[in-house]
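Chains here go by letter, A, B, C, D and E, matching the order in which they are written, and residues are numbered from 1 within each.
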């Protein structure tokens, strides 16, 4: 039995995240905790069910990938240990690992800087927004 | 050496399970359909304290590759103290087998309660893997002077 | 007591205060920060992917160096603390990552998470003791009402970092008390400042920091302290009406210990 | 040589889908002793049993092997069947080819091979089986109930009504348990004390019931029908017989700052206290940890004001020993500690409370005299938020894996009561699922929504943030709207998970009753024997077995009582004949076996031993079969092998090893 | 020695005891053997010298059944065995009159042979109050060896010069221990499993299943040995294969674990020179390390470690942990 592309990608997300989306009981505590909820088109709890339903294409196009702050509030509070933040991050990586998947391009950066920008901001943004 | 058609080593494993906790745990593994290899054959004993070291040596003598004893958790023995005696007896016996150079992974004691079907299955899977990694029981076989 | 010290990229540059005052305070408190030679940047965020090995190696190198010195590894920056503790946890408990990292590194002896990673504040709490610290304070910050701003990286995930209760931390409040000031507890002290989104969407940190300042100010804080240069940046950039000054915790520490203007280590 | 019949069960497709039963029949025919082999779809059915009985008679079988489900399931069935057909029941063995084979293996060839091996082991064993006769042991016609909550009370009343003596042991100063702390009960909203108090009175006045409050079970020995229990009666410091319950001592006690456990520490009590007004017995105890007399040696006020002269500072703990035929465990529950859930600010705000605290606040005898008010400023709330599943249904390190079962209903109850009494208060409930299986339960919940307009939001709360003005900012999610909600509340009520009484581990160990990973006691069978422990003579009543509401607890308490009555109604119990047996010819008389016997069943006597070339008086071991429970610890300890266990003899077990390793 | 004989004669004559269990001169000067002396007269053949290594405790099992008291000569280490037999109700303390005889270590004739002393005709200097060297008159001339070089292996780990039980003492004892009791076991434990296996395989393959070890062992006192008991299906000698022989020693050691006093008789009597005490001593070492120090036969009231337990006992997994480092 061969897997469809979407199934393969969903499996990849499970692998990269090390998270088991089937443990989710759809309580929504991740979305209740998320500081970026209002910036996201697909909400944290939806990420989990999108992976269960192999709906990866929608995730790949979601702007939520770039709005997650990586603050682990969802991971800390999830009662089912699903670690939604890792699922979001894995979806992000899936996109970035593809050719041309970088969200941030080197040539755009100088315009984004000011004198006070700490290195920490640059390196974290690089790691989150580029392969 | 017992093999399947595809040349995979299939060990012979004897599991002694106490009636009250571990045998029931094995039943629960069954009713929960938590699989483990068919290499494991279970013998029901009333209590882990019933397991005489002679039984274990006998199993090895007759070609077993691994022997595991399962009983109630310390403090939970149906007969109050059988597992405590088993714990000391088996510790000393295993230490002796290790001392004469038999791989210490071939013997194991695990406490499995009646509610721990998942643990029973996981333990058996792990033990079978361990025995497979050790291969056939050659050292006790050598003592046996098997030709 | 000697610690292998991992300053991290920002402390060598935009957050020199965080580093400088820590060094001075350490001298006053009688422990030594031995900077790891040729340390490499931790990357700012922990690589979450279970298959990401290369990006964890700079942390492993630092951890292994500390192990070879027989020293605990101390950090100041919340991000470095977060990344190093989590990579260390992987090396100790995640066989797959540990094996692959060790295969790649080819160290003399495989690194299995032997090093203990401690945050500077943990040293104050667990090794020196806040009671001892209090005795060494020469300029108590009496009358100051200080809000601890933890941010996210210092606390979560609580299971791995074991820094403090991630939902109701006490360590910075106890620290503030030890310096003679009054801690102000406000609910958003463990909420994220907006982090790296600052680079491309200033809107997010603006909203986050406004909420944080409103909350801290509402409970009467005169100032905030932080251990994270990125939090510092985002808070400083805030245009909230409720904005109060933000300091690195080490600056207040040095001040209280009377070594703010002291000679360098 | 035995004449053995082998009966292979298909168990419908449970076995037959994975094990080739025909092949098993075919192969076991060649095993030594086997004279008959057949298969049948359901061996445990009437027809299946008929087949076994017929074969026993027609083929003069001396032994039977049934290859079927676990012997823990149907060994008794098949043994009864054999007995009716004239065969000693202990000549029957079961090969477990379902739980230990067909259900866990997928490959038919492999499973069939294993089934044959398991059958072979059972056949080898039966070849060495000998007929055994069950003995008898007397039954002590008295029951012990551990725990004096509604479960223990109901069980005790039901047993006592059947004419048997019952003792209740209750750890706290009064019976009543959790139910006495509740204000109203669902789904009828009648007052909890109004229905509980009569039962407390009934139990305390019943001629067949003895109550030991402020007491704990200290030691248990013996076995079904014949337990011996040490009960520790803690020093009450007040004479139960002299005290009139006037209450003056409590009024005059100068130490009034002790956290009041009964009110969930929302207020304080005196050091000499009865937990609540309707306490049974209505006799106070002195909390020696807080009493000034015990702490400083100076006070003695209660003694001075007691006209009955009942206060006794010299009283000591006392151990009493009683014999019982049956023991019922009814130790109940508590709610989990919430210190790991501070995203809800439970430890940061007095206005974030648990549902049990709300019960006390709503109760007229509670810390606010029944007025709904905030504990911080005693102002009435305008907005209340209830959060469900706090610590229930968790797979993380903080909570419990199970559903606590009662929270959905009591939250609906609280919401309704509040909306009824205080129509201006807005009530919001954040829920994951609303679970209301039970008679009139869903209707009850629907009333909360439809009649009382309680705002049910499907979603969870991520954070409760105390605000400078004293209100609470609740940040949650509405999953139906897919919106994050931020709302103000004056009080937040947490439906904390329930957990078994923490003492249960110690008690279970004393009783050798098995316990699951959540500390609930295990049933003998999850469906068919839900009120019995696998340990004979131990019965389960109430939440000690699993989460339950009051109606369920009372039903189960009655069921446990029936089982106890069934046991106590017997004068004698058949004992397990699988007991240890000493071969006097081999016994050294060394006492090693007696040293490991947990039942004191082995004694030594000088006995004349006669055998080939032997005629002398020797010190040899004697097994008291009434005491022996058949654990076999002695057999493993015996150096010579003189001590053996009937039904699980050395030869039988070795023959099984040999059959498996053939 | 004459003093001892005089005392024993007196005990017989005044009726205190009905017989004396001691050692009788052998056909060679170095092989005295246990003997029951019924009369004062027969005591002329009584001997007690450096070659009287045999532990007489076990013979008291049969002697206990006889009418009247039996005087028995026990060396300090033998007294442990006697005590253990009391604990197991195998001997009757009331029927025994224990002469605690002094001991300065017992001798191993094989040590002399290994030193090239062959064709021995006479030996002198082995008595309790004898000199520090032993003189041999051989067909090849006179030879001499120091007493301490001739000691049995077990005497180098002597348990001490105190008798655990006695009615009266005769002669001075000396603690001859000059090495650590568990050194041999430790050396084996330090080897790799494969090396240990080769070691034991080599040693055990010498066994001829003569049962000398079993017959001499004071702990192996079962009326019927488990190996002769068809309950374990291990009695059929015809079926005995090599496995059984090797396992025999392990099973035997297990059967006496917690009861073995480490008297060393098994190794002394083994005609093939198998160091059988290494099994028993391993059990003793494990018991000491895992369950607290225990010396069988020291205190007849003490609970044996195998019939005792604590909740905190180590798990059997400790074996792998210790062994695999």
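What we mean here is this: contacts are C-beta pairs under 8 Å (C-beta built on N, C-alpha and C of every residue); 3 or more make two chains touch, one makes a residue touch a chain.
Quantities reported herein were computed from a predicted structural model and do not represent experimental measurements.
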Connected chain clusters in the absence of chain D: A, C | B, E
{"item": "Starting at chain D, fewest touch steps before arriving at chain E", "value": "1"}
{"item": "Between A-D and C-D, the pair with more C-beta contacts", "value": "A-D"}
{"item": "Identity of the chain that, by mean CA position, is farthest from chain C", "value": "E"}
{"item": "Geometric centre distance via CA averages, chain E-chain B, whole Å", "value": "36"}
{"item": "Chain centre separation in whole Å, for chain D relative to chain B (CA means)", "value": "30"}
{"item": "Between chain B and chain A, distance of the C-alpha-averaged centres to the nearest whole Å", "value": "45"}
{"item": "Cα-centroid distance, chain C relative to chain E, in whole angstrom", "value": "68"}
{"item": "Multi-chain contact residues (two or more partners), chain E", "value": "226, 232, 306-307"}
{"item": "Sites on chain A at which at least two other chains make contact", "value": "73"}
{"item": "Overlap residues in chain C, where contacts from two or more other chains coincide", "value": "167"}
{"item": "All touching chain pairs, where touch follows the definition stated at the start", "value": "A-C, A-D, B-D, B-E, C-D, D-E"}
{"item": "Complex contact set, residues of chain A against chain C", "value": "15-18, 35-36, 39, 66-67, 69-73, 75-76, 85-86, 89-90, 93, 104, 109, 112, 116-129"}
{"item": "Touching residues (chain side chain D, partner chain B) in the complex", "value": "70-73, 96, 98-101, 103-107, 110-111, 113-114, 117-118, 121, 508-509, 512, 514-517, 522, 534-535, 578, 596, 598, 629-633, 635-637, 645, 648, 650, 653-654, 656-658, 660-662"}
{"item": "Of chain D, residues touching chain C in the complex", "value": "340-343, 345, 347-348, 397, 463-468, 473"}
{"item": "Interfacial residue positions of chain E with respect to chain D in the complex", "value": "65, 88-90, 221-226, 229-233, 255-256, 259, 303-304, 306-307"}
{"item": "Partner chain B, residues of chain E touching it in the complex", "value": "188-189, 193-201, 204, 226, 232, 234, 241-244, 246-247, 250-251, 253-254, 257, 279, 282-283, 286-287, 290-291, 305-311, 313-320, 323-324"}
